Structures are given as structure tokens and as C-alpha cells.
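Quick heads-up: structures coming right below.
Each of the next two complexes has chain A plus one more chain, namely chain B in the first and chain C in the second.
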Partner chain A sequence: MVLGATARFKSIDVDLKKEIDRLSGQKVDMCYLCGKCTAGCPVAPYQDIPPHIVLRLAQWGSSKVLESKMIWNCVACATCYTRCPNDVDVAKVCEAITQIAKREGIVADPVASALREKFVESVKNNGRVHELPLAMAMKVATKDYLGDLDVGIPMFFQGKFPLFGHQIKDLNNFQKLFNSKKAKKEGDK
Partner chain B sequence: MQTYAYFPGCSLETSAKEYDTSTRAVFDKLGIGLKEVPDWSCCGSSQAHKVDRDMAAAIAGRNLVLASEIGDIVAPCASCFMSLKEAAVELEHDSEIRDTLKENGLEYLPGSVRVISTVEAAHNALEKGMFEGKITKPLKNLKVASYYGCLLVRPPKIAQFDDVENPMSMDRLMEAAGATPVKWSHKTECCGNAYIMVDKDMTLNLVRNILNAAVSAGADVVAAACPLCHMNLVMRQPYMMQKYGLKSEIPIVYFSQLLGTALNADEQDLDIDGEVMRLINKRRQEANEVKEVG
Partner chain C sequence: MSRVGVFICHCGANIAGKVDVAKVSDDAINIPGVVYSSHQKYSCSEAGQKVIIDAIKENHIDKVVIGSCSPKMHENTFRKTIEQAGLNPYMLEIANLREHVSWVTADKDSATRKAFDLVKAAVGKVSFAKPLTPGQVTVEKRALVIGGGIAGIQAALDIANMGYEVVMVEKEPSIGGRMAQLDKTFPTLDCSACILSPRMVDVAQHPNIRLLTYSEVENVNGYVGNFNVTIRKKAKFVDESICTGCLECVTKCPLKKKIPNEFENGKAPRGAIYVPFAQAVPKVPVIDKEHCQWLLSPDPDTIEVAEGEKKPKRKCGVCQKKCEQGAINFEMEDELINEKFGAIVLATGFNLFDQKKYGEYGAGEIPDVITGLDFERMVNSSGPTEGKIVRPSNGEKPKKVAFIQCVGSRDEAKGVPYCSRICCMYTAKQAILVREKLPDAEVYVFYMDIRAAGKGYEEFVLRAQREYGANYVRGRVSRIYEQDGHLVLKAADTILGMPLEMEADMVILATGSIAREDSVALANTIGITTDAYGFISEVHPKLKPVEVPREGVFACGAALSPRDIPDTVATAGAVAAKVGVLFSNDILMSDPMVANIDPMICVACGACVEVCPYSAITMEEFRGKKFAKVNEAMCQGCGTCSAACRPGAAQLRGQTDEQILKSIEAVLQW
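For the complex of A and B:
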């Protein structure tokens, strides 16, 4: 475990705190550790560290924060941001840290990571999300092949989960939005 | 006639068909036009921004451009509402994302389209008196827990709608429909959204808390305004009773299904579960009996 701002990472040439600030558009130093975010966070009780500790580790530029499960399981409910006295958008901080962690090859919650990737893949392929293939892909990711069949099969027969979803007409131009200059600049850095 | 650009969102095409048809039926009854955004694409929901915020704003922004030909955009799904509105804010001050859209033939003019939820649109109609004389089948005696979830009201800087800790707009709509809104604690607690696919145990704990709060408050039904919330709240109630300490099962309906019932909209469009309909009628009957005795 490295505490302090001295750690260097292969994908970034500034210290970790600056990179978190840059990607999240937040200033983690604004946080004064009051714990209000943690008090209202619905997922905090089920994580390794609570949101205000994510902020603390980010302030220290500690690489330990990249290993946290909390950053992946923030559900972006915005309760913390709504109540934070210093206007820190913790969800954006968590999301920025996951992006850095991913670049560093550290994925503390592969299933949460799979969800966002499969989701974006599904959108990119069709322009819309197809729930059934997404749910199936997630079943493979979680190795939970039978868990939801009680719900999925009735829905399937009610025609709620069609096998072939709708594809948008202007798919070609739509897909170009994923390769925009700006998206690339940040994604590939 | 007032007409909105209507953004159904992916779930309303599949798992939440009844939310789509009941929404259209309600607005039809109110005399408000809904014109579907042509060739709309996914809003990015709660996941795309986690991968890349600029990409998320661009794909949501595409819909704003397409909608601007029709008018202000209205979304039934809370997650779509927030993604679209967040994109509108981002496009307002980020010319690079606007350029990305422009390169692909989509010119966004800042301020050209306002994003609102169907709850907000219905509530605006209520304030304008557009429900008057139209509630012909009131939901007498039905106790409704209005569940707003996260993204209809949060973050308030972007949502710009209702009170963030104790919203009342849906409660007022339910009251207008003749129902009795209950006061309860979990109106805006998170249901865990798509994390049901990541951490089932965590999500079921969150859902159990919400449902138990509604049951304890004496609600007959929970009214939802988001297909993801709806799915999480509906699924696995018997299992949660066995394993997660859920006190009792409780029906989950879309607020539009309840409003539509009171507005006497077409039953097929509303597609309300038979058991819920029996409960609604039972409560109506009780209300009438009380009247007769009194």
C-alpha cells in the first residue's frame, strides 16, 4: 500500500489526485470529511470503504483507492452530491477513479465493470439497449446462469424480452459519436 | 394543442410496455400531444457516463437535436430524464461535444429544448387545471405510496424539479385521482438500479427497505415512475419474504396506470394487473359503504 502523492502510474504522468480532479471535474481537496455522503449512501454498508474515505484517499493521492470496491459500486444516485456542503460530486469522483484503475489494470469489481462495458457495447451495436442479450451477458459475467429465470422466462413469454430488438436507422452516424475526438482524447490517454 | 417530443426509452419498448401505453393514454385524455422523437437512440442511462462522460453527452445529445424539431422533450423513465437533462446542461457549455454532434450532421442550438419528466408534465397539467372534470373514476380510499426514486429529483441542480428530500408532485397527482397519498420515509431512496445484475444481495436489501417502509406506512400500492425501479420493486417479492425479511407483498404500479384508471382510459392501454384492479374496486366499494352508513 502506498500512501502519499509520490506514487507514479504507467498511464498518467501527474500525481493521482490531479488526474482524479481532471477526469472528474471535481476538486477533491474541497472535501472536509464531514461524512454526510457516507451517512446517506445506500450502498456504503455493503462496500469495503465508505465514500468519504474514497475522498480521503484521493486527497492523499493514495494508490490504495484504486483497489477499492466502493468506486465500482457507486450507483450514481446523487444523494451525496445533493447533501454535500462543499458541492463535491462523489459519483463523478468514483467514476473517474474506476477509469484510472481500469487503465492500471486494477479492477476490484469485474462484474460492475462488465455491466458498464456490456451496456455500452449493446448501445453501440444497435443504438438501443437490448435487455435480454444484456441480461444474458451479465449472467455469464456473474456465473449466475439460473438465478433470474423465474422472472426472465415469464417476461420472455409475455413478449417483454424480444429476442431481436430494434435497431435504429441512422446507426452509422450514431456509432461515430463513440469515436469523437474528445471521447478519444480522454479514453485513450 | 400542446405537443411534446416523446422519448420512450429502451425499457418502454420491452419490459415496461404498459408504462408506455398507459403514459400515451393519460396524455391523450389530458389533450396533450406526444410525438415520438424520430429514430431516437439510447440515452446512455446510468452506465454510459461511467465509461466516458463526453461520449454519454454526445449520444444523449443526439436525441435532443432530433427532439428540437418537435418541441420540449418529455421522458417517462427517470433515468432517461436525467441523462437527457444532464446532456442538455453539458452541451450548453461544452462546444467540443457540440462540434462532435455537428460533424455528424446534428446541430445543437443551446437552449433549444427543455427536458422534463412525465411526472412533471402531468403535474404542470394539474396546475393548469387540465384534470378538471376528467377524473370520472376516482381511486377512492386507495392508499398510494408515491415512489420517486433518485433521478426525478436528484441532483437538484440539474433536475430542477420539486423538493429534493420530500417531493410532493406525484402525491398531488394521486390526490387529484381521488387516491389517498401516504406519508412515508423512502420516497427518494435508491432501488439499486442496474446493480441488480451486479450485486443481487445488496440490491435486494435496498429494495426490501423501500417496500417495508411502504408497507409500514399502510400503503395499498406503490406508484413508480421508472421502469428500472419498477422492475426491481416487483421482482422476487416472495423470495424477499422468505430470505430478506420483507413484511408482506405489495403491488407496484406505474403512476400513469393509476392516473389513467381515474381518467377512465382504455383498459387495454393501462394493462393493470387483475389483482390490483380488484383491490382498487374493493377500496372504492368500501368508500361507498362508509358513505351509505354515514
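For the complex of A and C:
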């Protein structure tokens, strides 16, 4: 993602900013841009923009933030949140922005997006993740069939990719979570 | 032959880190006249002083050289020390081995050599020192306060409440100063006039305070406890003792919409006869002789006309006709008042940076680009727009307001590298006021850093951002121009690292504080110094923050450096305390290190009389012989006369020609 030569922000886009606040349950205006989130973030060095810039763009309500890869690759470790002087949960902000981005059809990192989807699918079906089908689904989704095999095969022989998955005890009850009114409402959006 | 004792101080590692103190001390014993030499860690400590006292007594030392820090720091300390040992306190010479050697010399060997040279010079000089006795002067327990802003008001009230008489001199027609121009104050948002006006009235009504408005200090002579001050009381052309303050004259002046009112920062008019603002103290109008038609028209008595022709009359004179009290007196003239004071307080305040120096922000030509002070007047209910925030270009409510901080602050290219300390806070306050009065307006604040170091200040700025929704953008605006009835700001968001362009309806420049344009002239009148920017220099920024280099003169508030109201009031209180300490003495000891002219050598050439900057030398005559004589109470010990005196009759005590020559000789010989 490139921020662009000149940001012709005429004004702050209050609507986008409010939507990010609503979905994340955070107030992005609480951030005073000290950069401590970026300083501690384990994935930030490998991203297009660091977390504090995600927040700055969110403060402007700039749709540029939807194009960021950072929001997809946040691993929700919450190091940022733990150390934030203003108690802003940056992980939640990133998550909220991915929701909006997906709705708008902007997926800056399809692999991360696919993993997220397949992971949730797997959990929905079994109550926990079943690694082998998830890995295979990712292979199909990304059409990268041979990558990671050097890691995957030894893991298989060490039993990290069991052939038969386990289901949790009260699966039906668990699946109600996905069918609740609130979940459906958000899903529809 | 004198018996000199040499004491070298390590000053911890300050001197000993660069100078081989043991070597200097060992070598010093070989200097002729030195009978004792030693070195120690901290000479100024109690233990260190005891070592000196004991050594003086044991070795019958009668003159002392101490190699230590600057005499500015500890000369007085060590004078007291040797006095305790029974010596005259002036039998002391300090070799400055810290500021003049260890702090400024990188090489250890040369530092040690230089230190020894300075010690030699000091020994040479002190060998010819003579015992001196300070004189005594009385203290005139009256204070002069120059400036009637919040600093002067606070200082005057505090001094007056101690029971001392105060004269307050204010240049403008009313006291109140900058604070009277402000609308609300940070961080509490209380109304400036509401907290200031009662104090202004207190000043006017205080039995110990005499108020001289529309007056300026012309000349200051004398010395601590006994200043002779000349004050010019400018003609107001209105008799204060008769005027009732009805202001009928003001409303009738035909020029009342013609002259820009300085109090309104020129954004609202006043007449030629005017009071600057409604709550003015004293509420007596003055006539501005630069504009008054009566005063500008020629005097009929001086005009010669042909016989039979009518002499032209003076123009206008409406105010005089309307005044039922007959208080208008066009014959009034400036009055010079001479008074004696024991202490002088400078509370002369500050000016604001001129936005015209920022061509990139329109140089004051774009009507919708205004300064923070303009905004203060605009948002004030008694200001030019009666408190309505409107675009000066069309009188409409702005939908988008941008603030630019650091205009005339932290800008080396514009000659103002310092931080003005008030702009971050007043911008946050003004951003809040915009959002309060115009809830639909967007507010953007362009800043470099937010400096909110004060009680409740950081919280206040965060409130402006979070509660009032002021959008802060880090980055300095490069340019403002007009386009399609809007202003366009070329700016940057340095957090994003991107340039940005933004439209706005109105821009408020947070102009910084600068020294008053007449501060240097005033400092020269009083005989004190200013810093590179024209602010008054204090003696020590930390330990003597309100004292200035002329004893008996004190300064407070923004005359010293940019500061806000709390700091101004605090320093004003500090000044009052210092004046109180001075006035608690009935008699002061005067410095004996002043000039003395030997009448037997003096040839009465008068060179010294001419060069003396303090007018302390006069020509006397005794039994037909003329000679120059120094008024020791007025002499400041500068030594100019001594340098000018050809026969060498004028000598500065403690710095005689003999002493100086001997110290040079000592460096060269031994």
C-alpha cells in the first residue's frame, strides 16, 4: 500500500471513523500517536504501514486504511493494548477495519483473509480447529501447493497434523454462538 | 612583606578533573610572599572553610588567595570566612580555576599551567590589597512599579500590603495590560476580566498605592535604597480630579469611529478622546494629541492676519463643550515628576510577534487569517463583534477553523528560536471556545509539539481533543492562500509523513511572545542588560530569577521571558518578597570597592566627570584648588574614571593600578 503523493483530506471522514469506533469498541481519538504500539508490535516490521499509522489514518477516517495489509496481519497478541498509555486496543481496531474492508470488497492480503475464514469454518464445524483440513483448504485457497512442505512434512510425522480431527463435547450448544441474533446481524452487514 | 596563604579547591572533579591541583598547590609555596599552600575537595563546605580559618590563625596569614570557582559564586562566602579568622574581608583574591580554566581547557598540562599563572597573578594582586570598610546608606522605603499589567498589579498590591508606599507607572491610559485583553484563561476557562478587574480596582483604591497612568519613566539615578527617578506624566488634557467618568465626551468625539483602538488590537475604532475599554482604571478619558483636531489645528494666537480679517478658530472642541464638569483642559502640558525610591520593580510585559513577517501566511493581508489576540477580542463579548466568531471577510460563521501554532516561536529564521510557552495552551483554549460557540464547526490545530507543562495543562489539551473534538495535526503549515472564497492550507501530517492540502474558512495564528519594542531603551535608562531578544536579563536564571544586575531593581512577569499568568503572578509575588527583604533594613552596607580620587594628584582636567556613566563624579574646590570628587554612594565601581585618568589620581579600591600591574608582573616573573 502506498499512502499517495498528497493526501487531499478536505476534512475528517466522520462516518468511517465512527464505524471503526463502533465495531472495535474503541475511541481512536484517544490515541496521541506516541508509537509505543508500533515499537512493541511483533509483525509491524514486516508490514506496509505500522499500527500507529493505522490509528492515524483511522483518526482522519481515511479510506486508505482499508487498503492496508497491517490490519490483516495483526495477530491480536495485544502487546500494543497491554502497553498503550491511553488503553487503546489496537488489535481490536485492526480487526474492526478488516470487517469494514471485507464489506467494501477490499482485501489487501487474501492469504490472511482466507486463513481467517477457513479457521473460523473449521472451528464452527468441530468446536476446535482441525489442522490438516485447514492446511489443505489454505493450499487450495492460495493455490500454493508445495510451499511450506519442508516444515509441514516433519510436523506431520510428529503428529501435529492428525488425520482424524476431534470434536468438542457439546458441539451443538457451541454452534449456537454462530447462530445468535447478534452474530447474524453483524454477519449480514 | 605580606604573608599570603594559598588554598586550591578541587570543586569535586570540576577543577581537579582537569587541573593537577596538588602540583599547583606545591608550586605555589615557592611564590615570593606565600607562606602556606594547600588543596582540598570543597573549600566552600563548612569543613573546607574551617581548614582555611585554622590555617590563617596557625600560620599568621594576613592575605588569602583561593583558587576555586568564579568570584561571582563564592567571593562573598570566602570574605565572610576570612573575616571569621580575624582578617579584613577584602584581603582576599579569587583565582577562577573553574570557569576560566578547567571548564574551558581540554588539555590537562596546559590547564595546570594556566591555573598556576592565575594563582601567581592573584598572589601578586592580593599582596598590595588594602583593608576596606563598607559605608552605610539609608533606605527610602518606597517602591516604584513600572508597568500596570497583572505582574505590576500583583507586585504593587503585595508590596503595598506589607505597609510600604508604592507608585505605579503605566504607559497606557489604563492599567490591566495584556490580561485585560483576554477573554477566557486556561486551564480553568475562567473569565480574564472577572478575575483581573477587582485587582485593578484594588490598586486604584489602595491607600499605599499611587497610580500614574499615561506616564513613562524618563531617567533613573542613584543606587539601591536611594533611586532618584524622573517620571513624565503625559498630558491627558482631562483633569482627573474633576472628571466623573460619564464619558459624554467620548461618545461625542467626531473621530470616534476613525482611529484604530490599540486595546482591540486595531480591530475596533476609538475616538481622539477615549478610554481604551469599559472596565478601564482609572475611568478617565485621555485625549490623543496625535489625532485630536483641536490640538492639531494651529493656535490662533500665533497666526498673523491682515487687519479687518477674522482670525481662524481652533477646530472642533466638541468634548470641551459637552463636558459639564469643565474637565477638559487643552492647555495641559506634560509634567515631570521627580521622586525618590528605595526599590524599582520592572513589570513591563511583552508584545506579540508581528504576523506580517510571515509572508507565507499572507503577511496580514488575508482578512480571514487573524492572530490569537485578534481572536481573543473577537470572542470577547465586549469586543468588536460582541463575542460572535465570524469571518472578518464576510461576517459569516466559519464552518472550518484552523489554528497554526509556533508562528513567531521556535523559528530561527525569523529570529525567534525560543518557545513562547503560552501558545499551545491558548490555542487549545481557543479551539475549545470555537467548538463551544460553533458546535458544528470543524477545528484543526497544526502543531509541532504540544508543550503543556503546567498544573492541569496536559489534561486541558487532551480535553480540547477528546471532549471538544479539536483535530490535532502534527506539522507546520507551509502556505495559506485564498481560493474560491476559502482559504487553502498547504500542510503536512508528519505522523503519516505526507503532505496534505486543506480548505478552511478562517485561520488563527498562534503568534508568540516577543520583548516590548522599548525594552532595550528602558533597560539602558535603568542601567541593566537585556538578552539577545530584548528580554530583561536576570542575575541567575535559577537562584536569582527576579533580581537584575543593578541592586535594588527587580523584574517580574513576561518582561523577563515569555510566561503565562500563573508564572507571572508567582514572580510578581517573589519580587514583592525581595522588596520586603530590602525594606526590612533601615541601613544598607555599601560596597567599598568604589572609585576614589586623590585630590593631591588630581589636575582637575574633568575627564572622569565626562566618562562616568553614573554621574557620580563632581568638581569641587578647596582653598582655591580644584579637584574631582566621587560620590561613593552613587559610584558603581565600574572603573571607567580610573582608565580615563591621565595622572592616575582616580583609583578603584580593590583594583588599583598598583594591584593590576603587580598581578601582571607576577605572571611574567615567577
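Note that in this section the second predicted complex is superposed on the first by the 159 of 189 C-alpha atoms of A that agree within 3 Å, B and C clash if a C-alpha of one lies under 4 Å from a C-alpha of the other, contacts with A are read in each partner's own complex, and residues count from 1 in each chain.
Going forward, a residue touches a chain if its C-beta (ideal position, glycine included) is under 8 Å from a C-beta of that chain, and two chains touch if they have at least 3 such contacts.
Just so it is clear, the model here is predicted, and its values are computed rather than measured.
Put simply, more of the residues of chain A are touched by B, taking chain B and chain C as the two choices. In the superposition on chain A, A:34 makes contact with neither chain B nor chain C. The residues of chain A lying in touch with chain C in their complex are 3-12, 27, 29-30, 32-33, 52-53, 56-57, 59-60.
By the touch criterion stated above, chain B contacts chain A in their complex at residues 10-11, 13-15, 17, 39-42, 44-55, 58-59, 62, 96-97, 100-101, 103-106, 150-151, 154-156, 164, 188-190, 192-195, 197-202, 205-206, 235-236. Interface of chain A with chain B (complex): residues 42-43, 46, 73, 75-79, 81-82, 89, 92, 95, 98-99, 109, 111-112, 115-117, 119-120, 123, 127-132, 135, 138, 142, 144, 147-148, 150-151, 155, 159-162, 165-166, 168-170, 173-174, 176-178, 180-183, 186-187.
Residues 400, 442, 462, 465-466, 469, 471, 474, 493, 495-503 of chain C are the ones touching chain A in the complex.
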